[in-house]
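In the two complexes that follow, chain A is the common piece, with chain B as its partner first and chain C second.
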Partner chain A sequence: MTTIATDKALVAHLLRRAGFGATFQEIDKFAEMGYEETVDYLLHPERVPDIDEDLLERYYIDWKESRNIEGALVETVYRFNARAGVRPMQEKIALFWHHVFATGLAKVLHEKTLLNQIDMFRDYGLGSYRDLLVHLAKDPAMIFWLDNNVNHKGAINENWGRELLELFSMGIGMDGKDNYTENDVQEVARAFTGWTMDDDNTASIPFGKTPWLFKFDADDHDYGEKTVLGETGNFTGEDVIDIIAKQPSTARFICRHLYNFFVADEVQVPSWRDTAPLDPEAIRIMEDAYFESNYDIRSILKVVFNSEFFKNARFQKVKSPAEVVCGTMHIVGSYKFPDQRFFEEALECRYMNQDLLNPPSVEGWHTGKEWIDSGSLVERINYVADELSDTTKPGVRAMVDNLLSRQSEFTPEGLIEGCLELLGYFELKDKTRSDLIELVYRAGEIRTDNPEDRMFAEQLMLRTLKMIGATREYQFA
Partner chain B sequence: MTLQTIGNPPSVKGHYEYHSVIGALAGSGPGFSGPVSLDFGPDGNLYVASRGNPNQHEAVRVTRCTKDGEYLGQMPGWGEGEGEFIWITDIAFNAEGKLFATEEHTHRINVYDPTDFSFLYTFGEHGSGEGQLDRPSGIAFDSCNNVLVVDSLNNRVQQYSVDGKFLGQWGEFGDGEGQFNMPWDIFIDGDDNVFVTDWRNDRVQKLTRDGQVLMVFGGSGDGEGQFNRPTGIATDADGDIYVCDWMNDRVQVFDAQAKYKDTLIGHGGVSKWAQDYLDANPEIEHKLKLAEQNIEPKRRFYRPVSVKVDTDNKVYVADCYRHRVQIYQKV
Partner chain C sequence: MTTETKKDPILVVIQLTGGNDYVNTVVPYTSSTYYDNRSNLGVAPEDVLPIDAEFGLNPALAPLKRLYDDGKVAIINGIGYPNPNRSHFRSMDIWHTCEPDKIGDEGWLGRVIRDLDPKHENVLKGVNFGRGLPRSMSLTGVPVASVAMLEAYGILTGIQGEPDRGEALDLFAKMYRPMIGSGPVMEYIGQTGLDALKGADILKTAPTLYNSNVEYADSPIGRNLQGIAKVLLSGFETQVFYTMHGGYDTHANQGPFHPKLLGDLSQAISDFYDDLREHEASDNVLMFVFTEFGRRVKDNGSGTDHGAGGVAFAVGDPVKGGMHSEYPSLLPADLVEGDLEFNIDFRGVYGTIVEKWLGLDPVPVVGGHFEQLEFV
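On to the complex of A and B.
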C-alpha cells in the first residue's frame, strides 16, 4: 500500500477498535486530521456534541422507559449506533466495562437501573479506575446483582467482596500465584456492609417503575478494624478500593482486560493466573501508564493506541456480536433516525450469542474465537451479507456511487480492492482473494460508461460486497 | 392512608384543583401502556391511545372508559395491515363521530367506527409530495369537517377531505413564522383557529386554517411561558390554551392572548384500576407505605403528552411514562 493508504488503513483500524468502525468518508476525514490527533479526538468524547435525546424519547417512547429486557437492549444498541459517528469511544468504553463488570437483567429485573449503570460507564469509563470502582460499588444494579443489599454488619454476604477482588480488580492470581486470601474476601465484605439500595418501587403499579438508588445505612456498617491485603485499619469501602487500586495485580488484570478488548484476543480470564500475557512487554508498558497516570484509563488507552503493538495488531481480534451489528449498521448508515424496524435488528446481537444486559454470568462473555459457533457464524454471515448488498441503505449507496464513479473500466482485482478499501481497508488472505477474483472474473467485463453496463457493474459490486461480508476475514477487527 | 387520600391540591397559581386519576400500567384490559393521545368520543366516553411496547403487541391499543374510570373495552390492532397500527400517535373524533388515528410507522391515517371499533378506511402513504406523509402525528378537524394532519417530518400541515382527498398544505422547515421544526400536535377551536405545537422550535403557533400566522408564543427554556419540546395542545371554552410542556414535565396554561396563567405539575393518586391491583398484591401496597416519603415525585407528570378539556372544564392529561390520565378541575 502507499503511505496514504497505509495511513488510512491505520485510522480505519483505530476506528474499529476505539469505535464501531467507520465509513469511508470518516476514514478520509480522520486520516486528514492525523493519527495521533484522531486518538485525542476519540479519547475526549465530551468535546463533541452529543446525539439528540429528544428524538430517542419522541419515537421510542416505550423503549425509553424500558419496561423489559428487549427494550433495554434496544436502547443500548441504539446509542451504540447513534454515537458511532460522533462519540464512538464513549460507547466502546461502556461496552468494555459491561464486559468486565458484567451485570445481568436475569437477576436484576429492573431495566432502567441497569441502563443507569451503562450510563455510568459512559460518564466515568475513561476516567480514574479507582473512582470507577467507587461508582460501581455504589451502583444499585451491581449491589443487587451481587447481594450487597443483604451484606449486613455481623452477618456478611461475601459475594460482592469476592467478585470485586476476583473479577473486577485483581484477578484470582498472577504469575502462578494467588492474589488474595479468603480472609481478604471476608474483610472486604465487612468494609462494604451498609452499602445498600433504595428499592422502594419495584412494581410498575401504581406509579411506574423508578430506578433504584444507592443508600448508605450507617447503622448497618461495620466500623470495626479490618485487615485487607496486609494493611490494617478501620477501613470503609472507599479505603478498601484505595488499597485495591494500588496493587500491581490490579494493574496487570485491568491492563490485560484492556489489551484483550482493544488490541488482540487473549486466553480467557480464568486462565490468567497461570498463563502469561500474550505480549508481556505491551502489558508492562500499560502497567507503567496505569501507575504514572494515577489509574487513568484514558491515559492508558492513549499509550495503547499510539503504540506499535497496537498498530501491528490489525485483524487480531474476532469481532464481538455488538461490534458486528453496530459496525455494520454504522457503515451502511442504518437507523441514524429512529425507526420501528430497528427493534428487530438490535436483537441480532442476541442471535449471535451476545445478549447485551444479560451476560451468561458475572464473569461476562468469553471472547475471541469463543464467539463463534456454527449457529452464530451463520447469523453473522447472513446479517452482514444482507446489509452490505442493500442499496436502500445510504452507506451502501454511497460506496457504490463512490467506487463506480472513479473510472469507466475495472479489472476484477480493482473492483475487489475498491470494495475492501471502502469497507475500511480490509485485508484478505491470498486464497480468499484469488477465489473472489475468479468469481468476479467469470462475470465478464466491468464497465460503467453506459447505463446498462453501469447497472451490471453495480450488481457485481453488490455481490462482491456481499461475498466480502461472508469471508472469514470479515469476522476480524 | 396518604397514598389514596391526597385531597384536591391546587395548581401552581391556584386556578385548578387536582380531581382524580384514571389508569395504571397494563398490557391489555383496564390500564394503559405509554398513553400518547386522548379524546372524548361521541358517546361521552374517554378514549386513550397507548403506544405500548414493541415486545408486547397487544399493549398497542385504544382503550375506552368512562370519564370517571369505568373500563369499557379496547381496540387492539398491532400490525402493518389495513386498519392496523404499530406507532399510533394521535386519535381524534370528527363531527360524524368517526375515530381517526395517525400511524407513524406506515405513514397513514386509519378511520374506525368507534361503536364496535370496526375499520372503515385508510388514507395516506409515505413520501413528501402532495398528500403524502412522513410520520403523521397530530390530527384535528375544522368546522367544514376537513381533516388537518401534522406531517411532522415534512414540517407542514396537510388538509384532506374527510374521505382522504388532498386539499392543500402549508408550512415548511425553519424557525420563522409559519415554518416548523418537527411539529407534534394540532388543535382547532370553535372559530377555526389552528394551534400547532412546533416541537423542536419549542413554541406554539396559532394560525388560520389556511396557514396564516396569527400568533406565536413560547421559546426554549424551563421558565414561565417557555417550553422544552411542547407536545399536546388544547383550548377550553374560555379560550385558555393548555400546552403539554413535555420535557419540563408540566402542563402550562395561557390565556387567549398567550399570557402565562398557570402550571399543572401532576398530583396523581391511586386510580381505581391501580387499587384493584394493590388489593390483590398487598405486599406492594405495604412497600409503598414504607416508602411514602419517596412517593411525592411519582405523583408528578412524567412526559405529559396529550391534553383535552371537557364541557365541565375538567382538564384531562395523558401522563405517558406513568401510564395514567390525570384530571384537573378548573375553579
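On to the complex of A and C.
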C-alpha cells in the first residue's frame, strides 16, 4: 500500500473501534487531520456539537417514546446511529459499559430509567472509573436489577455486593487465585444498605412512567464497622468503591475488558481467573496508565489507540451485532432522520443475538467467536448483503458514483479493490479474493463510458458489494 | 412383507435460566421448617397439588401434574454437584460442559451429537431454538442449527431469481470452504456458514410439512416448543433439541413472577406432548428440564438468593414416572451455607439419559463414572 493508503486504512481501523466505522468521505477527512489528532478528537466528544433531538421529533414524533423493550432498543440504536458521524466515541463507550455493567429490561421493566443509565455511561464513561462506579451504584436501574432496594440493614441481599466485585470491578480471580472471599461480598453488601430508589410512579399518569431516582435512606444504612479486602472501618458505599478502585485486580479486570472490546478478542470472562491475557505486555501498559491517570478511562484509551499493539490489531475482532447493524447503517447513510422503518431494522441486533438493554444475564454477552452460530451468521450475512447493495441508500449511491466515475474501464481486480477501499479498507484473504474475482471476471468487460455499460457496471459493483458483505472476513472489525 | 423400523430416540432439553426455586416448585407441604423459612413466599398446604403425603407441586404446574398422574413425569430430586458455584454464568457453564473444576468449552450435548452422528452426515442432528447457541451444544466440528424463527431461515434470501441466486450460493459455498492458515475463528465461521447453508435448505420445508390440531398457549417457551415440534415431525432425523426459558432469577418480587413462569412452562410442555401424541410421535421423545441451581432455603423478604441443590424433570412416554432420588433435608443442621445439599450428581442424570435412552457410552460425554438413576 502507498503511505496515504496506509494512513487511511489505519484511520478506518480506528473509527471501527472508537466508533461505528466511517464513510469513505470521513476517512479522507480524518486522514487529512492526522492519526493522533483524530484520536484526540474522538476522545473529546464534548467538544463537538451534539445532535438536536428536538429537531428529530419533527420528523417522527414517536421515535423516543420507548413504551417497551423494543422501543428502548430502537431508541438506543437510533442514538448510536445519529451520533456515529459526530460523537462516535461517546456512543461506543456507552456500548462498552453496557457490555460490562449489563442491565436488562427483562427484569427492570422501566425503559426510561434504563435509558438514563445508558446516558450516564455517555456522560461519565470516559472519565474516572472510580466516579463511574459511584454513579453506577446510585443508578436506579442497577439498584433494581441487582436488588439493592431490598438490601436492608440487618437483612442484606448480597446480589449487588457480589456482582460489583465479580463482574464490575475485580473479577473472581487473577493469576490463578481468588480475588475476594464470601465474607467480602457480605461486607460490601452491608456498605450499600440504604442505597435505594424513589420508585413512585403514580404521579406520572397519564404521561407514561417517570424515571426512577436514587434515594439514600439513612435509617436503613448499616453504619457499623466492616472489613473489606483487609481494611477495617465504618465504611460507606463510596469508601468501599475507593478500596475497590485501587486494587491491582481491578486494574487488570477493567483493562482486559477494554482490550477485549477495543483491541482484540480475548477468551471469555469466566476464564480470566486462570488464563493469562492474550498480550500481557499490552495489559501491563494499560494497567500503568490506569494508576498513573488516577483511573481515567480517556487516558487509558489514548495510550491504547496510539499504541503499536492497537495499530497491529486490524481485523482481530469479531464484530458485535450492534457494530454490524450501526456500522452498516452509518456506511450506507440510512436514517438521517427517524422514520417507522427504523424500528424493524434496529431489531436486527436482537436477531443477531444482541438484544440491547436486555442482555441474557448480568454477565452480559459472550463476545468474539461466540457471537457466531449458524442462526446469527445467517442474520448477519442477509442483513449486510441487502443493505450494501441498496442504491436507494445515499451511502451506497455515493460509493457507486465515486468508484465508477474514476475510470472508463475496470479490471475485475480493480473493481473489487475499489469496493473494499470504499467500505473502509477491508481486506480479503487471497483465496476469497480469487473466488470473487472469478465471479466478476465471468461477467465480461467492465466499462463506464456509455449509459448502458455504466448500468451494467453498476449492477456488477452492487453484486460485488453484496458478496463482500457475505464473506467471512467481513464478520471482523 | 413389511418391516417395522425402530424409531431413533429423541431428546428435548429445556433450560430454565436464572436458577429455578426448587422448594417452591416441589413443595414439602408438611414441613414446618419449610414454612418457617418461607414466611413470605411459602406455598400454602391447601394450594399445592399433592403427589404424596409429604410433597406437592406448585399449583401453577397443573398441566404438568396431569402428565405426572399419567406416569409421564420423573421428578429428579436434589440434583447438583460438589462445591456448588453460585454464579449464574459459572454454574450454567458447569452444567453445559460437565467441568466443575476447570473452564471447559465443549458442551455435553455437542459430544452427544458427535457420538450420535460420528461421520457428520446430518447437519440437523442437533437443533437449537432461540437466540444464540448454548455452550452445551457447542463442540468444534459439530454442526448445530440455531434457529430464531423457522419461517425466515435461509442464506442470501435477498437475492431472488435464477441464475443469480444459484450463482451467489455457489460462490458463498466456495468462499466458506476450509482455508489453510486462516486461523481457528475463520475456520469456525467457514464451517458454520457451510452447515447453515445445508441446514437452511432442509429446514425451510418444515413449516409446510407441519399440520396440527393442537393450539399452543402463546408464550416464548410455547413458541419455541412448537418450533421444535415442526422440525421433529418433519422427519429430518434430528435427535437433540434444545431451548431455553428465562427469568428464573427471582431475587425479588418472586410472589407473582415465579408462578407465571411455571405456568407458561408447564402449559407449553403439555401442549408439546399433546402435539406429539396427536402425531403418534410421543413414544420416542424424552424431555429433560434443568436449571443451574436451586435457591436459598430462607427467603429474603420478597425473593430468594442463589442456592445449590435443585430439581430436574424428565417428561415423556419413555419415562418411569414418580419421585427419584431423595428430597434433601431442610433442617438447619443439614444445610450447607443455607442451601440444600445435593444428593445426585447431574452428571449421573445426564449419564442415565446418554446410556439408557440414547444408547451411548456416557463416560466420554459426562467425563467419568457417576451414579445413575432408573427414570428411563
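Quick note on the criterion: the second predicted complex is superposed on the first by the 462 of 477 C-alpha atoms of A that agree within 3 Å, B and C clash if a C-alpha of one lies under 4 Å from a C-alpha of the other, contacts with A are read in each partner's own complex, and residues count from 1 in each chain.
Throughout what follows, a contact is a pair of C-beta atoms (placed from the backbone, for glycine too) under 8 Å apart; a residue touches a chain by one contact, two chains touch by 3 or more.
Keep in mind it's a predicted model, so treat the numbers as computed, not measured.
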Touched partner set for A:Glu57, first chain B, second chain C, both or neither: first
Partner chain(s) touched by A:Asn68 [first = chain B, second = chain C, both, neither]: first
Contacts of A:Asp217 with chain B and chain C, given as first, second, both or neither: neither
Partner chain in contact with A:Asp178 - chain B first, chain C second, else both or neither: neither
Most chain A residues touched (candidates chain B, chain C): C
Which superposed partner A:Glu417 touches (first chain B, second chain C, both, neither): neither
Where chain A meets both chain C and chain B, residue numbers: none
Touching residues on chain C, where the partner in the complex is chain A: 17-18, 87-90, 93, 102-103, 128, 131-133, 143-148, 153-159, 164, 167-168, 171-172, 174-176, 179, 182, 184-186, 188-190, 192-193, 195-196, 199-200, 246-247, 249, 251-252, 300-303, 305, 337
Interfacial residue positions of chain B with respect to chain A in the complex: 24-25, 33-34, 36, 51-56, 86-87, 104-105, 182, 184, 199-200, 229, 247, 268, 270-271, 274-275, 277-278, 281, 284, 287-288, 290-291, 294-295, 297-299, 302-303, 320-323
Residue ranges of chain A in contact with chain C within the complex: 106-107, 146-147, 149-150, 152, 155, 157-159, 166, 172, 182, 265, 269-271, 274-275, 318, 350-351, 353, 355, 360-363, 366, 368-370, 372-379, 381-382, 385-386, 389, 429, 431-432, 435-436, 439, 463, 466-467, 470-473, 475
Contact footprint of chain B on chain A as seen in their complex: 54, 57-59, 61-65, 67-68, 70-71, 74, 198, 200-208, 210, 340, 343
